[in-house]
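Structures are listed in the sections that come next.
Each of the next two complexes has chain A plus one more chain, namely chain B in the first and chain C in the second.
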Partner chain A sequence: MGKYEIKVDKATPQYKVTISGVVDEDIDFNAYSLSGAASVDLQLGMVKSINSCGIREWIKWIGTAGTAPVKYHQCPKIIVDQINMVQGFLPASGKVMSFYVPYYNEDSGSEKNVLFTYGKEFTDSAVNPPAAVKDDEGNVMEMDVVEAKYFKFIKK
Partner chain B sequence: MKFFSADPQFFSEVPMRFSQIYSSVSAYDLASCPEVLGRESVLVLNGTEPKELISTFTQKKCWNIIQKNDETFVSDLEKAARLIEKPQLYFDAQAEYFVSEPQDMIFAEFNAPTDKERLKKTSEKFIENLKNQNVHESVNCIVEELYMNAVLDAPREAQQMGRFEHPYVHGQKAKMTLVRDDQALAISCMDPYGSLNIQKFIRRMDEVYQKGAGESLNIKRPGGAGLGCVIMFEHCSSMFLGVVPGKMTVVTCIIPLGLSYRQRAEVKKNLHLIEI
Partner chain C sequence: MSGLRNQILILEDDSTLLNALQAAFSREGFIVHATSRPSEAKEILHKNPIGTLFIDCLLPDVSGVEFVEGLRPDFSEDQLDVILMSGIFTDQAFVKEALRATSAVQFLKKPFDIKDAVTLVEKPVLENQTSSKIILHPRKALYQLFSKGAGKGALREKKKTLEALDEIHGFDLPFIYSLIVESKSSGHLNIASAQGELYGITVSHGVIVGVDIPDKETYLGKLLIDSGFVLPEDLNQVMSSPSQGRKIGERLVQSSLISPHALDIILAQQMNIRLSRTIIDQRVNVNFVEDDVELTSPNIDTDVFLTFLHDWIASKISSAWLKTHFLQWSSCQIRKTPLYNDSHPALRMPLVEKLPQIVEYVTNGKTLNQILDSNHFQEEPLYKALHFLLTNGLISFDEGGSAEASADRFKWLKKIYGQLHGKNKVETFELMSQMAGSGDPEFIVKEFVKILGPQPPADQKEMVQVYSQIVNLAQQAYDFNKSGSRDKLKDEIAKGEMELKLKAASQFEEAKNLLQKSLFRQALELLKKAKGVDPNLDKIRLYLVWAKVGLVDPNSQQRDQAIREAEMDLVQVPPEEKFDAIYHYVVGLVCKAKQDYQNARKHFEKAMAIDSNMIVARRELSVLASKAAQKRDVLSADLKDLVGSFFRKK
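What follows is the complex of A and B.
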């Protein structure tokens, strides 16, 4: 794989897309138009980084889906940050189905990303975090985000 | 040198210490703050969010805003005061100015898109031993935007100013420096164009914060997306924008170490402009 990889499965009108790697000024979405999709499922767990030019290219590309429903899956924190910061990064027809939340234990310094899934850890208007998150040593970890900011896209 | 603050405790402690070091220091209540603050003024705030800070910066035409973060406040004031008195220090030392006892340092020179992978590998090597993932993420984001400013924006801004001599074509290079101690990591990027219009940069930040990043995104015009300024600011605790017009631009971002994502989010930001 080079800097990035885009896979689009158009076998059915429910397009399945996976993006991996670095989304920056070199990304070329031209060959991956979403025009004609009845819906788009976007797997984002392997996105490593995104810069300001990558954000712009993403918004232009996701617009090719038109009004088709778009679902974002396994969003890493860097993607959640863009969803919250940049209007249009998640299109109007878009919905986040799962995303990662960083957890932290201050005493041990351990870090972990926990996947929140729609219908389980969050709904259209509320966040229901897991009862307890522990690191590999059994230490209880705390959610390491400013909730009002990180979950802003949910409360909209 | 003038300090403006609404905090009564500020007047009883810090100015006395400063007036022992600097030849001319005075402190004023924020209420007596003039409409426009000059280069030798420092506006001291407490608990101001980035959007409001940039708005204040734009309205007051500030050159320095420092916020009262308990851990670093006095050090921030001292560093800023030295730079007001001797701005050349910033351009000479760049990232090293901000780290008192460096534990690690690395730099990379570049002037073309083909250099980007090497630059990123250099910064990734530098941070690989740092524990906190939030620092890795912020360093990567800042390096990306500083690289684009230096390689893409600086030459374009110079051309728009009517300057057609291109230092990169003549072999000159930009330089990214990363240096850290156990408290903080500083990233500086120097480019040899000196084409940064710092007031335009601040106005752009204000536009992004006021209108929203999506509304102000540059989709159609040539050039960058116009979000890098805010992305960098969001990922650091202090940002320094320095320019020697026609010669050199140096942008520095400071990231505090040893904090979680949430703890870092609670650190209020500082912003400084330097031009000689």
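What follows is the complex of A and C.
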């Protein structure tokens, strides 16, 4: 595998896309046009990194879906950051279905990413974090993001 | 209650209760106005942004209920919370009717516990000032990071502070770049401008290996010629040959016109220009994506970075921005960070070196106010030198030495008032947001009041008055910002500015023509006017130096001073303007004024190499050539001919 991998399942008009690896100037979305899709489901849990060139390419590519609904699944923090910062990174017809939230325990230094799912840990206008998140040793962990910044997209 | 409505009015004729309430709310950080006279209360309400009114139902001349009913047309429930108090009218029916008629939020039956009254009012943002743990705003925390030293904890704190940043000013970027370089981070800094443009910086263990900006101009040709690595004719030849999909640099290397190492040097300069162009006078959003990035060439290592950083601070960051930027720390002691050492190369860079004794001043525990009061330095060079040291992590501001603890707080408040006074509401809010550093209006206003500190003690009346004036201006700006009028005014200002800028652009063009005709004085007047309106006019600093040098009288006593000023102006030319024919022409003029004819000729020749049609450079070369010829003649001519030439009829 190179720096990135894109898989598009066009067996039905409900396209299923998986992206993994690094999204940068080397990524080539040309062979993966989304035009003609009735809807698009993107699995993003394996995206490792993204830079400004990759963001530009992404916006052009995601635009090929036109007005079809686009759902983002398992967004890692780096994707959430771009959704919050870059206009068009999540298209107007797009919706985040699940995303990771980093947690941290200051004493043990343990870190963990917790998946927040639409309808459960968040809705269109609110976040309902799990009552308690613990690390492998049973230490209680705290959310490791600035909530006002990280959850901005939920109010978008 | 919204924004910074942390002002309370108590209208009560029982002086014991009045004083008790005043003391309790003051302790909680509110600005408290107290009176027993309804007429005075009205005046206070109209002059100050009161958020809550405590009012006795039985007042001399008028009932509290009637008083509030009379206020409501001017002060809606959203604007003013009312709390009624009474020890006489306490029956259920009266209370119910009084609450309805006044839209009051609460009715307190006397006697009541003062603590109960305090709990009725949302605590003001100032409360944070007295809490044991002061949580700094991410942007303010950013500028304190170097004081934390190294170590795993400090590294995590740096990372988390970078992550917490959201909207910042483009002039904050050099500090962020410096922090990423110093902490040897690897990854991508993604930057989005307010216009939706995207920029990106890629770093490998603190070495910048990539800069991505939507750049129309590559500067590569100018850089190659400027460096002397490639002759213009060779470059033209390679450019006119078919590219076969290869970049210009590769084609030059393949044609053996430049070595790969020399090309890397040029490409690093290109990165410098691109980085410089990200430092813009507008708000930007940033995020940092950690990644394992390979160290590649070309790159900008820490040594080269230092010189670039110096140039950006010298040339890109405006004095007005720095002045506001440092306002929040002006009463804090400046101290050395763990990164400071006497042999740090930053101490030998022009911004620092050209200010004698600056290092002693900023490293012996003085505050910025004290340094300014010493009148030892001019403001602009002082701010720039300080910012350079701060950005390199060599100094920081003492968190503990807040404005509250400082003896010169009054002076500091007056300075802030001076900056706000006379500004329109949009400008006031912009200034507040620069100090507070966030895009969210509610947050800006709260953060701004936090920076102001708690209300000064009541016995310091003058200071309380200035404090209240600042808070009032801030409140007005906040209210205006929230209302729809803001966009309208902003549009009007933008339109007005556009007209002024168009005029400035035309003055600039006229000045350029005057310079070509050597009419320096008229050109200088026009250039000063144009720069006053639009300091971002392309290469205006260079044209100003041209005009100033043109006016230098070689026989005047002020010649050396004028040349020094011109040299300082040249330090403040941004990197993207340094590889232009006009830059070399102006540097040539400065060299010529210093009678350094050899370097003058070199620069005029470079100007010609970049722009072969530059008539003024050609003219200067001719002048220098004839000067050289005259000199040679005198030295080499036959004595008889030489003496004869003195008497020859012209």
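As a convention for this text, the second predicted complex is superposed on the first by the 156 of 156 C-alpha atoms of A that agree within 3 Å, B and C clash if a C-alpha of one lies under 4 Å from a C-alpha of the other, contacts with A are read in each partner's own complex, and residues count from 1 in each chain.
Keep in mind that, in the parts below, a contact is a pair of C-beta atoms (placed from the backbone, for glycine too) under 8 Å apart; a residue touches a chain by one contact, two chains touch by 3 or more.
In this text, all values refer to a predicted model and were calculated from it rather than measured experimentally.
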Once both complexes are superposed via chain A, do chain B and chain C end up clashing or fitting?
clash
Answer with first, second, both or neither: which of chain B and chain C does A:D135 touch in the superposed model?
neither
Return first, second, both or neither, reflecting whether A:D41 touches chain B, chain C, both chains, or no partner chain.
neither
Applying the document's definition of touch, where does A:E121 land relative to chain B and chain C: first, second, both, or neither?
neither
I'd like to know which partner A:S52 touches here: chain B for first, chain C for second, both or neither.
both
Tell me the contact category for A:E111 with respect to chain B and chain C: first, second, both or neither.
first
Stretch in clash, chain C with chain B, out of 23-31, 347-355 or 509-517
347-355
For chain A, which residues belong to both interfaces, chain B and chain C?
24-25, 49, 51-53, 55-56, 78, 85-88, 144-146, 149
State the interface residues of chain A toward chain B in the complex, per the touch definition above.
24-26, 49, 51-53, 55-56, 59-60, 77-78, 85-89, 102, 104, 106, 109, 111, 143-146, 149
Mind pulling up the chain B residues that touch chain A in the complex?
113, 131-134, 137, 140-141, 144-145, 148, 152, 212-215, 217-219, 224-228, 231, 234, 260-262, 265-266
In the complex, chain C residues that touch chain A:
138, 160, 163-164, 166, 187-188, 190-192, 196, 198-200, 202, 210, 212, 285-287, 289-291, 440
Seen from chain A, its contact residues with chain C in the complex are 22, 24-25, 48-53, 55-56, 78, 81-82, 84-88, 144-146, 148-149
